[in-house]
Every structure is written in C-alpha cells, then in structure tokens.
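Pasting the structures here.
One chain, subunit A, appears in both complexes that follow, with subunit B as partner in the first and subunit C in the second.
Moving on, here comes the complex of A and B:
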C-alpha cells in the first residue's frame, strides 16, 4: 500500500524510546501500545497493524506529538491509519468508520448534527437490523433529557456545507 | 625549559588551556594564558571526582622534566609556571596578522579589587550586606556580593558581583590593605575603562570549553528550577563536594532529608530535536555519580539511571559500567521519561515510563538528576569571528581532520570543538599545542642571543649555613619583628634579620632586593603571606644575590599558624637546603617512532616540525598501516588523499628518517637518553640514540569464528566490506537485504572493552549502501549504538533513510543460519517481543579492534600493557599518552581503539609529550630529587623495586645503585623502603624532617 510506505517514511526516524506510550492516556486499552504500533509500521507488519484497535482509540490529545524526542507527527500518523482503514472499508473498523461517515453526512446536510438522523444513517449503513436494539437503553436515557428527538433522515440532496465539503475533498485528493 | 621560542596565546584556563599552556611553556614558548572568569580551572574547579578513578589526579599534568620551573602544588588550586603569564578576567578582542606573526588585543575587566593587594582576609565579605546565590555552588547556597569565586584557588582574590553590589562602600572602608576601589556613587559611573593590551604572538590556542544546556530555556517538562529536588548533574557534583552547599553530605535541596531513591535522566538537551548530537560524557558522569552515591550511602540509596544508549565507549569504561552494575548495584533502565511530576502528598517525584514490554512502569523518586547536554561556549561565536575559525552547524569549532595545509595559526583545543572527557580533552589540547608549536617554531627568528649560563651562581654548597631572614612587616598585622629576632638570636646559623615594609607591593619588593644585593648570606628565608605565588620572585632574589634559588625559601606567616613554629620550621628547612651536584645527562634531541601508520607518521611530522629529528621504524615494506585499506570516513573524507599527502610529507621532510622492513631489537637507557638497536631487512643491525620513543604500533581488526564467519561468502567483516566497496567488487544494487551485527566478540566476558569505531563504520557502510541502492533493506543488530558526539547525526540520518535498528542483548544473541538463498538471521525484537527471521544477502560482522602485540616492545622501554594488551598509559585522564616513566609515549590504536581523527590527535599529543621531554634542558637536577649514600647502601635493591618511574638501576660493574635524575620525580618511595637510610630525597632529608617536626611541636 502506497499510503503505508508514506507513513513508514514519515516514521523512519523513530527511536522506539516509548515516550509516546508513556504519554498516552488511552494506552491501557490499546492492544498494541503506540511504541509497538510504530515499530510494526517500520517492520511492514501491515496485517498486524490492521488487526489492532489501537488507532481507533486515539483521542487526538497530541501529547505524544508534543513529547516525541524526534518531533514525529504521531497524532497525524494515527489519523492516517484511521483514514486508510476508512478508505479501504476494512470490516474490522466499519463500526467506527461508518459512525464517522454518518456523523459527517448529517453535518453536510444541515451544518450541524441532527442526532436522530445521524443514528438512523448509521443504522442504515451498518445493514444490521439488530443494531438499533443495542442502543435502546442509551437512546431512552438521552430522549428523556431531550438530547435526541425522533427524526427521519432528510432527503440527501444538496446541503448547507456542500461547498466546504467539496473543497475538503479536493484538498484531500491533492494530498 | 628549552630553547627560547616565540610567544603563544592560550584562550581559556580550564583543563585544556592549562594542558596547552604547559605544553608550550615546557617547550620554551612564552605563554600568555587568559580566562574570561576571575579564576582559573574552568568547570573542573567545581568537580572533585572523575571517572574511572573516582578521584582527581590533575597534578599529574605538572611538568616532569625541569620541575622547578613550576609550582609543584595542586593544579585545581592554580598554575604557577615561570613561562606562563596568567591574565584573568581577560578576553581576546582582536587578532590581526598571519600565522607566526599575529598581533592580538586582549581586554581585561576593570579590577574593583586589586589582585596585588588582596590577601584573602575575608573582612570585606564579613561586612558585605548583600547576599546572593553562590555561583560556585550553582546557586544551591548563598554567598556575599563580595566573595571568593572559588574557595580553594590560589591566588585567592575576592571579586565583587557588580550586578548585585549596592555600592554601599562597607568593604572599601574595612579593607586593611586598601585593595578595593569601588566606583563613585551611581551605577552610571560604573564605566571604568577596561584595560586593553596588545601583544605579538606566533599562534593562538582556543580552549574556551563549552556551556551546558539550560532546561529552563525549553519546555522544561522535568521541572528544573521549578521542583527543588530536580537538580542538574553539576549541581549534584557540588552537593557531593566537601565545599558544596551541604558540606558534602548528600541531602535533598527541598527539605534536607537524605534521599532514599535517586533517578538520573540521560540525554537532557542531547539527541533531541534542538540538539541532534550526543554529548559523549554524560553516561560516564551519571555512572560515576551513581557509584559515588552508592559508596557514600553504604548502598542504602537506590540509584536508577534512565538511558537511551549507555555510551561507555572508551577503553576502560565498559568495565566501569559493569562494576557500577554488579559491584555497586547501580540500576540501569533503558527508557526515556518524558516528564517529572511532583506528588503533593508524599513530596516525591514521579517519572512516567514505559518498559520494553510496553507496560507502564511509572516510579517515584526523592531526587532526580538531569544529565545536561553540551552547548557551544558563550564566547565561541565571537572568537570564531575574530580568528576566522569555522563553526560546524551546531556552533562548535570546526576541527579539520588533517590539520595539514591549513594556513592558520589558530587551533581549537579540548571541548571547544565538541564535549570530550578529560582524557580526550588533554589529548586534543596537546594536539592543538603541537600544531601551534609548529607555527611558532616555523616563524622563529634565528637570534644570536646568548642563553643564560647554567649554574653560574657562587658555590656555597660546602659553606656552613649562613641564613638571612627577610621579614615582611604588614602595617595592619601585629608587630612580629621582636619575636622573630628572639628566635633568630637562639639560632647560630641566622646571621641577619631584615624587616621590610610590605614586600607584596612593588616598592616593598624593590626595597628588599636592594637591601639584599651583595649581602654575604648563603641561605635566605623570606617570611611573608601567600608565598606559593613567589616562584618568579625567587629568581629575582637569586639574581640580586648571585645565589642558587635552591638556597632561597619562603615561609607562610599569613595562615594564622603560630608564628614561632612557622619561623623555626622554615629555618630548619632552609638550613638543610641543598642541590644535588650530579648533573643530568644531556637530552638526546631525537625521537624514535615505532610504526609507520597514520599515527606514527603524524607523530614523526609533529616532532620534526618542532625542530627535532624523528626516526620511523616500520616493520612492513611500506608506510601507511591500516590507512592503506581504508576508503573514506563517515563525512566522506577521502583517506587515499590523506595517505598520499602524509607519506609524501614524511618522505620529503629533512627531519625524518624512515626505515622500513625494520624491527626494534633492544634498548637501553632511560628518559632523555635511550640507545636502541633495530634490524633492517632481517640482518642489517643499526643503533641510534634518542631521547624519547613513541609507540605507534597500531592494531588490527579482530578475527572471529562467530555467526558462521568463514563458512559462507555471504558473511563478511567490516574490513572486508570497506575493501570491497573501495575496490568496487561489491554492488549493493544487486542485493535486497543486508544485516549488520555489532559487538561481535566484544563487550563480553572474553573481551570487555568497546572498540568504539565499529558503530560508526557500520553506519558509514549502511549509509553508503543505501545511497547506492535506496531500496536495500539494511538491518543493524546492536547492543548500544556508540555514535557519540557529532556522529549521532549519522545515526539519525541512517534511521531517516530507512535503516532498521534492532537491539539485542548478550542473553539473546542473534543467530545466523545458512539457508539455500543466503544466510537467515534470527533475532529477538524486544519492542515487539518476537523473534524475527531476516533472510539476507550479506551479513556484516563488526568484530572490533585488537592491538598489535607490543608487550615485549613496551617492556624494552620500561613501559607496560593493560588488561587488554593495549599500551598502559600512566593515567587515562591526565597523562593519556605516556608511560609512567615519562620517556615512552604511544598513539593511535596502540593506545586503544579510536578513529583516524582521534588517532592523529593522539599522535600529535604523543609527539608533544616527547618534544616536551627532549626540549627541556634542566639547569641542574630538580631540587626534590632522590640520591644515595653509597657508603650505607647494602645493594638490597629494594629501592629499585619501589621506584615507579624506573629511575633507579643497579650498575653491576661499579656495584652501585644509579639514579637517573631526569626520570626521578622525587616521590620518596625509595627513601621510605630503604632500611639503612642510604636512599634519601634531597631537601626532604631524615634529619631535616625531624628538626622541622621538632620545631612544629
């Protein structure tokens, strides 16, 4: 994968000191700690990398980037892995990639997220009729507090932020 | 001191500056030694313990030949040498002219306290109302605005910190000597003109040292200066020192409690984004500090060092590391803590760390020590501008590889071109002084000036002691004249007592000389304060009275000791003062260099350029040694050109004779006068006389049978790869994967030392191969990458180019298995905790360096070899290139593993040492020299065995013990072991000592 080669070049100067891991607030939940993850990138262990949940757990706090003695853009590297996973639509990460996509689709349409629509889009994209059931309890709680309302998805059509999204797509194309 | 040469300027009076100044002064140059600080000693004045001895030993740099020209006292306190003018608070402001004929401008800070008048009585400090953080203790304790910059220095002159002084004038009024001139009221008037001095010098040595990184200038995640118990390594040195803030007891600065757990964090300000190089010495400093803490606390304080690579790359350092771990229980952890956080509940300090396994191993400590990295010295930029010396990208002086053909008379010494440990600094300083001497010697005008006649004084050796006592009467001190007179009246040998008014002043001194001129006394005792500074004044009295300085002595009455015993002790000492009349044999002005590799040739050139003859004896048919097969260095410098240049210079130099196919057979004599026979071409025996010998016998790449070497063509050594790349017989373009294995048979029980250059060689090869074939997979299997100093930059570059570095341990060494299409290397990857199998086209082994067998050769010259069969230096720090006896030197690989640049520096340093010896022309035997009373000697030869300098030999023909007065350093071991009191040390006679003790009690 070209993207992975680019990522590898970006991370080549890594000295495996572990500062990223020691700085990471989510490291306890990661199956591959960041240090191992970067080592795998350098060793071309792509399979193992995309078998792990590590990069989906990155909360982009930027502590690792701030502290890396080599000044490596580690948060960006995590984002890159997320992007690769999304682009290749890997089954393992569909839950999170489609979640993101549905969120952004709702934003595109209205300039803000409509929770009900967002969830509906998500459920539709996952094509799993049982999935909404697992959100029932959370949904009820949130509805009770007026955090979400029943709402059917609007027609896709044109949205308020179309121009912005197009521009972003263009920029991403050029990268 | 030798034949008069020109004048040299040495900038910086730390270790390196002192070494260079002594080198040049001992070879007959007039030296002006300047330092911007108001004291000498540089950073060393703050350090008390040095690795690997855990002690000091700076005095070992003192001259060994013609010792009387230099004050034989602790060099940490100060340097007093007849040929060296010391100018403190002075900096170089201008340089014009050309090599050999420079005109320099020196600027001296205005003296608020006159150094000629200040006696260090401390009264000013007592009354000073301004308290400031003590810079000597890194601000961990306080002092007054008027204070001693270094408590142990001589001369110990008080200084005023004008940034804090309130100009209250208290000190001015209380000073009994009127030494303080505060500027008038108002700070604006504080513009006392600085003194500018111009002088002509032949060459300049820049030994301005380095600065240390200040974490507070960065993001400071370690909380330096925010958290009291986070200290720098220099602050810890001060805390451990007896003159430190806690009088030597190890306490936490925050609450004075003894810490129970201490952590060291390495590479603070090194090997990071801001400063991509390594600081070379911090690993050893941290180990030493941890060992000191363990020793001091009886092992009760736990010490943990967090490191990236433990770089113990010099000869004895790996053994030191092992000792620290195994004997003293220092804990080493490979991790890089990112920050220190204060625990409010316990007062402890938390470090956040991930272990190799990936599990968090956060730990709490009581005290954290930061190993601060190097930064260029403050003055480096200005000096570069003034002198035109180039700076490298990191802002240090450029140290060109060859020093050949560079048309300059300005040379960087010691750490100014990158931080070095003391041993390396001393070597590089001597190297710089050797190059400076070449320029000065080359520019020397031949003059007919008669040198002063030797021993032209009146002969008083057989006369009964007739002592004249000069008494310096201080107007502010008590009237001591009557007491001294009454003592004198009871001593039959005292025939005159003269009280003079303040001989510390110019007028007082001249008055004394006038009064003494023509007096018949044959012994002079001067009672004054701080007499150790009067070395040059002794010469003035000697001239005025036509009296050998041996018969002139000083007694210190300013130290507060009882006056009567001081005077009586002085009288007892001077009564027995004498000079042994055995003349030193003349120095043979020729140096034998054994070995004609790069080291030998460089040493010979250096000797010859100083005006002496050098003889190279090389056992091979051609010159060049290891340089013949080397291609280029990591910076791309072409060794072929270096070889051709050097060989050509050697062959064309009128001062060098070369014998190839020649082997040294036998040698007799001692320092200053050897006679050596060697065989040329197998049968032609030749004999030469020489004053010193330099062993440049080199070394070779170690053989190995490890990792399948010898069974497959795909397993090669570093040397073979270098040769193949040079010859073009190896094409990295044809290969897919190359594996390099470091530390083969090295840094293990069978061969303890690190060979220091293999990591750099492997990096060089990896980069070269990657350059030719960017798609090549290069794996370097290492234990610690010893890319110290600026070579760290290449380590980083190799990573950036995609070279993969895999760390292995002694317990889990890699395995090489021969496969059908090339060897397969199995290695455990510690980060992934998996065993990897790398199929490779080529396996390169870094097998390290072995010395040539020089044991018997060294033994011929009374020198020895160390545990690893390298040349045994007298002291790895202070006398890093010479044997104990002072006549035998070594350089290059014979001394220990080092790269070409370092070999050349050591060669010049060895040449400098040899030139120091043979250019000295003792004006007689040094005052403190051993002698023997043959009538009492029973030839038991105990004294011969006890003499570490090899100065005593048995003359079987005469049946007598002979003493070589040049080799003898007056240590007194012989006198101590002699059962008959036949062996004695002049000026430390038994009777004399007993009388001095008698007088003291």
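Moving on, here comes the complex of A and C:
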C-alpha cells in the first residue's frame, strides 16, 4: 500500500520513547499501545496494524503530537490509518469508518452537515436495527429541546459540494 | 469597542449547539462588536474528514478561507467551535509550509473561481475574547456580577493543541480572567485541558464515557462547568445520567457555554443566552441564578 509507505517515511524518526503512550487518554483500551503501533508501521507489520483497534480509539486530542520529542505528527498518523481502513471498508472498523463516511456524505450533499440526516445515513449504512437504540437517550433529549429533527436523507441540493469532492478524488487518484 | 469579524458559525451551531451561536452573537452585540457571517460557508469536516481524506479536509477549510477573503480580507475570522477552528487553522498553516498542497488547493478552488492570496487570520472565540476584547472591557460592562458562582473552566483539546496560539496548551488559564470579570469564582481542577472523548462517544462509547466520568468527578464542588466547544459541551452534558450510574455517585452538574455565562453578567436575560436549550442545568444552579440575578422564578 502506497499510503503505508508514506506513513512509514513520516514515522521514521520515531525513537520509541513512549511519550505518546504515556500521553494518550485512550491508551487503557488499546490492544497495541501507540508506541508499539508505530513500531509495527516501521516493521511493515500491516496485518498486526489492521488487526488492532488502536487507531480507531484516537480521539484527536493532540497531546501526543504536542509532546513528541521528535516533533512527529502522530495524530495525523492515526488519522491516516483511519482513512486507509475507511477506504478498504474493512468490516471490523465499520462502526467507526461508516460513521465518518456518513458525516461526509451529508456534507457532500448539502455543503453543511445535517445532524439528523447524518445519523440516518449512518444507521442505514450499518444495517443493524439495534444500533439506533444506543442513541435514543441523547436523541430524545435533543428533540425535546428542538435542536435536531429526525431527517430522512435528502438528495444533493443547492450548496452541495459535488465539484469539490470530485476534484479532490481526481487529485488523490493521480497521486 | 470598534471591531468587525467575519463569523464562521459551523454546522453544530446551526443545530445541536444553537445556544452557543445565539449567545455568542448576543454577547458580541452587547459589546458593540460586529459579526458578519461568511457568505455560503461550508462544513469544515469536523474530526470525520481526516479519517476519510486529509486533502478533502484541507479543501473544505480552504474554501472557507477563500470565501472569507473575498468577503472581507482585512477582518479576522471568528470561530466559536474548536473543531472548526482547528480545521481552518490547519489549512492556514499547512498551505504556507507545503507548496504542493497550496497548488492542489488552488486547483480545487479554481473550479468555483475562488482563490486564496492573503487570507484573513483564523481566530478562536476565546482568543478574541481574551486578547482583543480583554477581561478589563468585560469587567467595565458587567452590570450583574455573578457573585458566589463557582466555575470550572473547561478548554478541551482542539482550541489549545496542536497549535499553541493564545494559551498554554497543557495548563491553560485564558478563561480565568473572563470568568472573574463576570464576578464569578474559578475553581482549580486538573481536567481543564483533558480530552472529552469527542466522537468516540458515538463510535466507542465505553471508552469515551470513562474520560467524561473523570472530568465530571473532578468538577464536583463547582456550580457549573463552562465550555468553548460544542463537542465538549455535548459529551459533558448529554450523558450524565448513565455515567453517574456507572460511577455509583450523582455527577449531575450544569454545563454552560462561556458566552452564556458572560451574557448573564452583561445583563442579558437567561432567555437571550438560551439557557433553556442546555441539556444539563441543575435545579441548584437555577436557584442560585434566580437569587444572584434577582430574577423571577419562571425566567430560568
């Protein structure tokens, strides 16, 4: 994978000091701590990387990026792994990757995310009738306050970002 | 005050965080500051976009910078949402350092006849409140000091990191002067710049709830937590019941946006800062506000 080669170059200066692991708020739930994950990237252990849940647990708090003594963009590296998993549509990451994709699909259609539509797209893409139940409590609180409405997905309208999304894809494919 | 800013509200502020939008506008108006909403702005991509494509994230941000520059090249862009702020800031910084990215963005923006030449600065609401408006000005305009109210200032992550622009990225203090200028008291706590879990609350709820639990535990003793980000706000206010159950102790606490607190001190009514929209507003805080602000009972 080209993207993995780029990531390897990006992480090459890593000295395995573990400051990232020590800084990570979600480290307790990771099967591979961040330091080990970077080591796997440097050793081309792609199977181990895409067997692990580590990168999907990154909540983009940027503490590791801030503190890395080598100045490595570690939060961006986590995002890159998320993007690779999203592109490959790997089954074990769908709960995360389809969440992000559904968000971006609503943005493509209207230029701005419609919160109700985004969640509807997510539920439809996951085809799991039980998933919406875990969002009922928050959804009810929000509806009671008239903050979000239940929205069926709508076709792209004025303000859609089709051209921008298309051009980005063209450039990415040309790389 | 004679300041004008280009305003980037972002998607959350048009929906789930409408009270952040309305209270920001109300406070700025009260302080004599003009906000002009960027015409045709688009979503910044939040934390979702980098997990799909980093170039798409840069393109979404760049389009907003180009629109702001076209509308008013000499006014800074005021962004209340920390995720929006970081995404726009990132493009501002990265296109300067990466000529290949700048070239790609020019190509993408060219599709709509947009361009970035010398874009206006991207500024977080908190940065503008502290450095342009200043706590002194706020103090001069405070008509109803919130005496006796104990506040835990919560900064979260993305307004502080990775770009250390206006505060210490690990031990921030910028909100303290503003809160004191409102007449309220700042409590010392450890969790002010710790992560709330962000979108993990949807995709990895068990992990995110642990983080929020730590924050809510540490905030005990305060009358309210004050936030400057709609994602933080939602995670701190929307799951208190379940998290209290998991913790085996009642962690209910009021969570307000900073401009809501400021608005009250500036003499605005609770309805003008949309306190009715908050998901976590405890009866204890309501009572306190009624007595501090000498309000009628049905106002809060």
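Basically, the second predicted complex is superposed on the first by the 161 of 175 C-alpha atoms of A that agree within 3 Å, B and C clash if a C-alpha of one lies under 4 Å from a C-alpha of the other, contacts with A are read in each partner's own complex, and residues count from 1 in each chain.
Just so we're on the same page, a contact is a pair of C-beta atoms (placed from the backbone, for glycine too) under 8 Å apart; a residue touches a chain by one contact, two chains touch by 3 or more.
Predicted model only: the values in this text are computed from it and were never measured.
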| item | value |
| --- | --- |
| Subunit C versus subunit B on the shared subunit A, clash or fit after superposition | fit |
| Partner chain(s) touched by A:43 [first = subunit B, second = subunit C, both, neither] | first |
| If touched residues of subunit A are counted for subunit B and for subunit C, the larger one | C |
| Contacts of A:83 with subunit B and subunit C, given as first, second, both or neither | second |
| First, second, both or neither for A:171, with subunit B first and subunit C second | second |
| Touched partner set for A:135, first subunit B, second subunit C, both or neither | second |
| Shortest span in Å between Cα atoms of subunit B and of subunit C, once chain A is used as the common reference | 9 |
| Where subunit A meets both subunit C and subunit B, residue numbers | 28 |
| Contact footprint of subunit A on subunit B as seen in their complex | 221, 267, 271-273, 308, 335-339, 352-355, 358, 360, 362, 796, 799-802, 804, 829, 831-832, 836 |
| List of subunit A residues in touch with subunit B within their complex | 8-9, 12-19, 21-23, 27-28, 33, 35-36, 39-40, 42-43, 45, 67, 69-71 |
| Sites on subunit A touched by subunit C in the complex | 25-26, 28-29, 56-57, 59-63, 65-66, 73, 75-76, 79-80, 82-83, 86, 95-97, 99-101, 103-104, 107, 111-115, 134-135, 137-138, 141-142, 145, 147-148, 159, 161, 163-165, 167-168, 171-172 |
| For the subunit C and subunit A complex, residues of the former touching the latter | 11-12, 14-16, 18, 40-43, 45-56, 59-60, 63, 104, 107-108, 111-112, 157-158, 161-162, 164, 169-170, 194-195, 197-200, 202-208, 210-211, 234, 238-239, 241-242, 276-277, 279 |
